[in-house]
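In the two complexes below, chain A is the common chain; its partner is chain B in one and chain C in the other.
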Partner chain A sequence: MNRLKNHFKRFNIILLVITIFTSSFCLTGCFDKNEIEKLGFVVALGIDLDNHNKIIVSLQILESSDKSQTEKDTKAGKSKVYICTGNTIYDALYNLSKGLSIPIKFSNEKCIIIGKKFAEAGIKPIIDFSLRFNDMRPTTPVLVTNGDAVDILQMQAPENPISAFVIHDLIKRQKYLCLASTTTNLDFANNMKSESSISTCGIINIDKENKKNLNNSLILSGSAVFRKDKLIGYMNAEETRGMQWIKGKVKLGSLVIKTRDENKISLHIIKSNSSLKPSIIDKKVDIRVNIKAQSNIQEISEHISEDMNFNTNPDIIDRLSKEQDKAIYNEANLAINAAQDRLSADIFDFGNLLYRECPHEWNSIKGDWNKLFPYVNIEIGVSSEIKQTGILSKPITNEEGN
Partner chain B sequence: MKKKISIYQFFVLMTILPYGSASLFFLAPEAKQDAWICLLSYSLIGILLQIIYITLYNKYPEDTLVTYMPKIYGKFIGSILGIMYIVYFTYAATRVFRDFSELISAFSLQHTSKLIFGMVFIITIIYAIYNGIENISNLVQLCFLIIIIIKIGSFFLISSMSDVVKLYNLKPILSDGILSVLKKSWRLIAFPYGETLVFTMLYPLVIENNKIKKVAILSIVTEAILLSLNNILFISTLGVNFATSTNFPLLETYRLIQISDFFSKTDIIFILLFLVGGFFKICIFLYAAVLGTSQILNLKNTRFLSIPFGIIVLISSLLIAKNYPQHIKTGLGYVINYVHIPMQIIIPIITLLVYYIKNLILNKNKI
Partner chain C sequence: MSNFIKKIISSVNRNNNSENINNNQCQKKKRTSISKSIEENRQYIESYFSYCFDLVMREISFFNINGKKTLVVYLEGLSEKKLIEDFLISKLTSEINVNNMSLNEEELLKYRLGIKDTEIYEDIEKSIEAILSGNPVVFVNDLEKSFEINLNTSLGRQIDEPSTEVVTRGPREGFTESLITNINLIRKKIKNSNLKMEKFKVGKETNTNVVISYLSSVADKKIVNEVKERLKNIDIESVLDSNYIEEYISDAPLSIFPLVFRTEKPDIAAAKILEGRIIIIVDGSPVVLSAPALFVEFLQSGEDYYIRFSSATLNRCIRFISLIITITLPSIYIALVTFHQELIPTKLILSVISARANVPLPAMWESIFMLTAFEIMREAGIRMPKSFGQAISIVGGLVLGDAAVKAGIVGTPMVVIVALTAITKFTIPSVELELPIVYIRFFFLLLSGFLGLTGLTCGILLVSMRLVSIRSFGVPYMFPICPFSISLGEDEIIRAPMWKLNKTQRLLKLKNNFISNRIHKHSR
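Right after this comes the complex of A and B.
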């Protein structure tokens, strides 16, 4: 015990005091301290290009909560949109600080929205900006809009006044529904350098066609196609889902099939996956796609003339799943037509697939891949199953009359 | 010499030493997606190096690298070599220290001067060395467990997210044959495997020294497996293209963790975890330097030597490079070719040969 006391007396106690003092001053962060009330949290970042090639940056910043506490009726938080211009993105943000009294922080960012003009000029700056500093995460989704990104940020959707949160939820849905592709900044960075160098990302727009709906709402549907970092074309929602069938990503959604007598049956997709088998023989590329899907019957509509008693006759299910095969095949074909004829861009990432599976042959055709792709032979085979008929075993109108 | 380290502590120390900073980087980016194969296959050379070091040690079971050098080469050349090794250990500690201060300044404290958090860091290290190797090795035993648990936890977290781990990113495997890949990544011999040279200073401190060889080989193998698992993890999540263009790929992988909306932004925990690894690495290197100095100068009280050495490391870590890219460039190019390779491989091999030739001559003379 005495030894221990002597031990402490001499040097350790001094060292301990020094350590505690320095750490209590330094570890709180002398220059890098962040206090939550004094920060502007950016939830969405919009990027546009004006006519003089200057970058317009729009930020959606959450308002601090002490203001909204006084107004008791507003349950959801409020946000404001700030707009600034500059030669580069960071330059624009720096210009903004002339008028904005709080420092901004990107750590809670939900999405990046890119205006059409900026996308056509090349999105490299924003991908670089979002990955270079630790504020933003490599999981931030990137979206393109047909108009200006500012309009999207200023939109107030009925379900939530902060559009960034609405978009965040929309993206989450579309990850499974696959009517728009969901791409993060990390995916973009990888795709730009990859073998096929094509990326797709979702398109967000304000719903203008639906005039009956008084509330304006945001629509996330279809995808934009990028070669390297430049926007080269669009795909609609069906083509996007066709693409995702081939990639095996569709996890939810509805599919309408027709029976022999033109009756419509809605199917609810439960899961799907795909396997791809590439081969290169004498510079001729051949890709066999095998899509597997499972679904349940969700709805049988209109008058049914034929016997649809599933429990007594399970063969009907097999016949219906043949129809389902056809429907999936058609959607996948739509995507292939769009990719090969209209866009001539390898949206399926077959370039990487070939690089992975046959690296030696790929090296010989790598240079001409963009020219070769429209003539690639893609064979699709679909084998789908219908697993459930729901709670009803047969259509209710079956017995009484057609 | 007093024996202080148990065999298990020795194993942990040896595993954590190269792991400390090697886990930060994409080692051998030239090998692209085959880097993990290179890491595994070069561990064989790491084992070979260990066998050389241990054979040398077995000739002088009570001596460290610094004290048996004079016995082999004579007092003058031996002492010069000993001093060279002390400088080398200090320099290695300095490099690692710089790695970690750059990590902190890139990821969390951008505006704070490196001197300030460097000071806090070095004071902890000085204190650890002041307390001696037995305390460091007790602490390492505890922290190794924490590192492994968090490692496994992060593995589960990352693989529990859908669409994040894409194992197909590892394809094509060895498309150009294994030889061309191994040729490109030969620097792995020096960093991380060659760094285990520092344990030539610690072998005499291990209690059960008949088991050293077995445990050293085991720890190199563990090391290789841990590092290649890391490699597989970040290549399959980030993709080769992005992994090669980021400075700290493993940390970038941990930044992907996002479990629905409530569990994300965990990177500061992982920075701390990396710092723990780095702390031990710097401690061991610096302890080796302090021990060597006290043995050359025949000092009795070695504890206070840790303070000047700590200050040297802190100051020189700020001076060795103007900026981060320069630091990395010298670290992975110049330093490996002209510092690591001679110190880790050439000098030990020559020493072993000199020992055998000397013994041959002496035996002949006796007969």
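Right after this comes the complex of A and C.
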């Protein structure tokens, strides 16, 4: 009996080995196998609309650098931009495969750039396309450009020929500096479905104004505002930061305040957060925003007549932080003005806040929210403090001048 | 042509001769007692040792008494010639003292030459065994006894540092091929009467001495008995090295993992004894076995106990990390490059595709090719004369690697991967673990080449299931890791300070632990 058992045991092992081997060779295990050099890695995707309402898709694809080139070029890496058109995005990519010999992969994509025309027509297709399958990440940042996305992709910065990498670094920085919104494709999808259905995203442009700079460079600044999926307006950098003050997202940055005698002091923001308190009384929405911030004194410029010795006179710090309160208040006010007067769009996502805090009242005003929003009473209170004054306790000019 | 035929014929003849010898032996084994006549004994031994030119038989007078004769038999070279002359021949031929005349011949010889009772035989087979072990044996006329004179000075090399277990700190002596020397080396470390040495004879043809050694106060009786039983059950013709024994007593003989620990250093052997393990010393082999073995033992070096605990802990951690790297690095790389490119940072992709642009082989075959080439170089390096070693390693490693990259046969990332894999392997102190690692590495490589990370995960599962399921002499192989024990793990994954180790005591004091009833019956 025992021997029979052993016999079966051995048989089982043989069966297992055969199954493993046959399945590893014959079954679909290897179907998504692809050698890395035979894939086109898309690092940036640009979407435009042409005059005949056809979608122009431009792809920035990593390329292996030629061995024949010098070593410096090999290190920098190369990319190539492919352009294709079609009725839909996928159709365009399908058309592209006529000329591109390798399959493309979106997994390492750094950003999606949307041309102005396409943004005005509605960005739903690209959000849908990017989230439908797992090939593209839901964390891909979406940016809008004033011109055509193709130009952004084709631009080569001297320090890094692959513009996607430059944009990626810019976005990373703006996450804390908050001069431009950073919104991913998943955020877009969430915002579209949210109560206020307003979303903002960063604006990327080629720096043309700066003529002294011979090399082209990219600028990420300001925000584009979308209602549902359509572009409705823009905000500049200051307004964007004002918005982020209210959202409590500013983590770094500079702030310039003026002393009584019109001298400028630069502050370095190190921390901020905000708390929002909504109330709906009789269909009248009232929102109290409390912004807290901390900063260090980074620079005291120009001659300062009054005594700026922080050690002997601690009142100065209090006075300066009051100035800081004012500066932050002003910035936040800029954003509120832009949102309520110019765009009449709830960029702060107050709709969601109201839905969470007072759901019953929200239901009654939900339908008219877009009309109501410009008349919402937003009260801003700022309480900020200055943490450090640096290792210079007195301004240098004072000692030298006297 | 005619020469060739002659050769064949002569070889046939030789075969016939050997058959005759065997026949002779069979007939004569029936007689066992020693004859009274020297001449008969001489003939018997001569027939026994036919075709042995190194057999020496000398007829010498017996203390000059009445022309009495003795026969001294020994194998030339096994004991030093000068010793035989000084202690045996010169004494036998010297004049006898009158005072001793009252003694009989046996006592005379016994007292004059200082022979132990156990070395006086009445059995000729035993005397022959004594001759074979290298001692001169004396036969006396009219006496049915033989006397073994213990002059055995075994030939062997000096005690020096074993090249496989090099340490920067700690004792440098290593075992030699001589059993007695090896036992002495251990006795020198543990001066304790509880240190038992039990002798066995294994091997029908070679009659090799095998000694098991353990500390009776610490070692588990069940394991000791199990080891003894397995040794007794060994049915083998010849034993030339301790590996012959190891393969017979191992719990899972077909497993690729080493289930018996080996060392060439007496200090490590002593430590194993003190931990409650059983040491098996085989005559003629400098490699000493210790059982039961745990997986973590193979990642430990004797040096861990000779440097400060903080440094030793760091070393152990590095070894664990290296083990993981050396097993999985190539397969992880293959899985990422062929299946999961999204997991590679984009800038790395850029350099990988640049490097692989002109490589004709798929990544999996590229790595199999490189790793095989490395294994070939390693094996070649062992056989190479030492003076060539460096030159060949430069040619093999640097020139070949560089040329392969330039010729576009392999990509640079692969060279880096293979180099890392190769280097990390050398952090593992035990030679025994070297080849299991290679097996597992290729197994993982194939799995991840076909199935990606899924395959690799399955492979890791399979291997860890296997590791967890085996036992060495009743002790779970992965002991302080798998049946997890923090207090005993203090000496395994990290190395706790000495004073702490002393308190918790070393690992195998498992007497009241889980060993009971779990010892597997030896399958053979």
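Convention: the second predicted complex is superposed on the first by the 373 of 402 C-alpha atoms of A that agree within 3 Å, B and C clash if a C-alpha of one lies under 4 Å from a C-alpha of the other, contacts with A are read in each partner's own complex, and residues count from 1 in each chain.
Keep this in mind: a residue touches a chain if its C-beta (ideal position, glycine included) is under 8 Å from a C-beta of that chain, and two chains touch if they have at least 3 such contacts.
Nothing here was measured: the structure is a model prediction, and the numbers come from that model.
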(Q) With both complexes overlaid on chain A, does A:K193 touch chain B (first), chain C (second), both or neither? (A) first
Q: Could you say whether A:L39 touches chain B, chain C, both of them, or neither, answering first, second, both or neither?
A: second
Q. A:T22 contacts which: chain B (first), chain C (second), both, neither?
A. first
Q: Examine A:T139 and indicate which partner it touches, taking first as chain B and second as chain C; both and neither are also allowed.
A: first
Q.
Going by the contact rule set out at the top, does A:D207 touch chain B (first), chain C (second), both, or neither?
A. neither
Q) In the superposed arrangement, does A:S107 touch chain B (first), chain C (second), both or neither? A) both
Q: Using the superposition on chain A described above, determine whether A:R356 touches chain B (first), chain C (second), both, or neither.
A: first
Q | chain B/chain C common contact set on chain A | A | 29-30, 32, 107, 137
Q: Please name which positions on chain B make contact with chain A in the complex.
A: 106-113, 116-117, 119-120, 123-124, 127, 130, 163, 168, 171-172, 175, 238-239, 241-242, 245-246, 252, 255-256, 258, 264-265, 267
Q | Touching residues (chain side chain C, partner chain A) in the complex | A | 337-339, 341-342, 344, 346-347, 349-354, 356-359, 362-363, 446-447, 450-452, 454-455
Q: Could you please specify the touching residues of chain A with respect to chain C in the complex?
A: 24-25, 29-30, 32-37, 39, 41, 43, 62-65, 67, 74, 77, 105, 107-108, 110, 137, 165
**Q.** Partner chain B, residues of chain A touching it in the complex
**A.** 11, 15, 18-19, 22-23, 26-27, 29-32, 107, 131, 134, 137-139, 175, 186, 189-190, 193-194, 355-357, 359-360
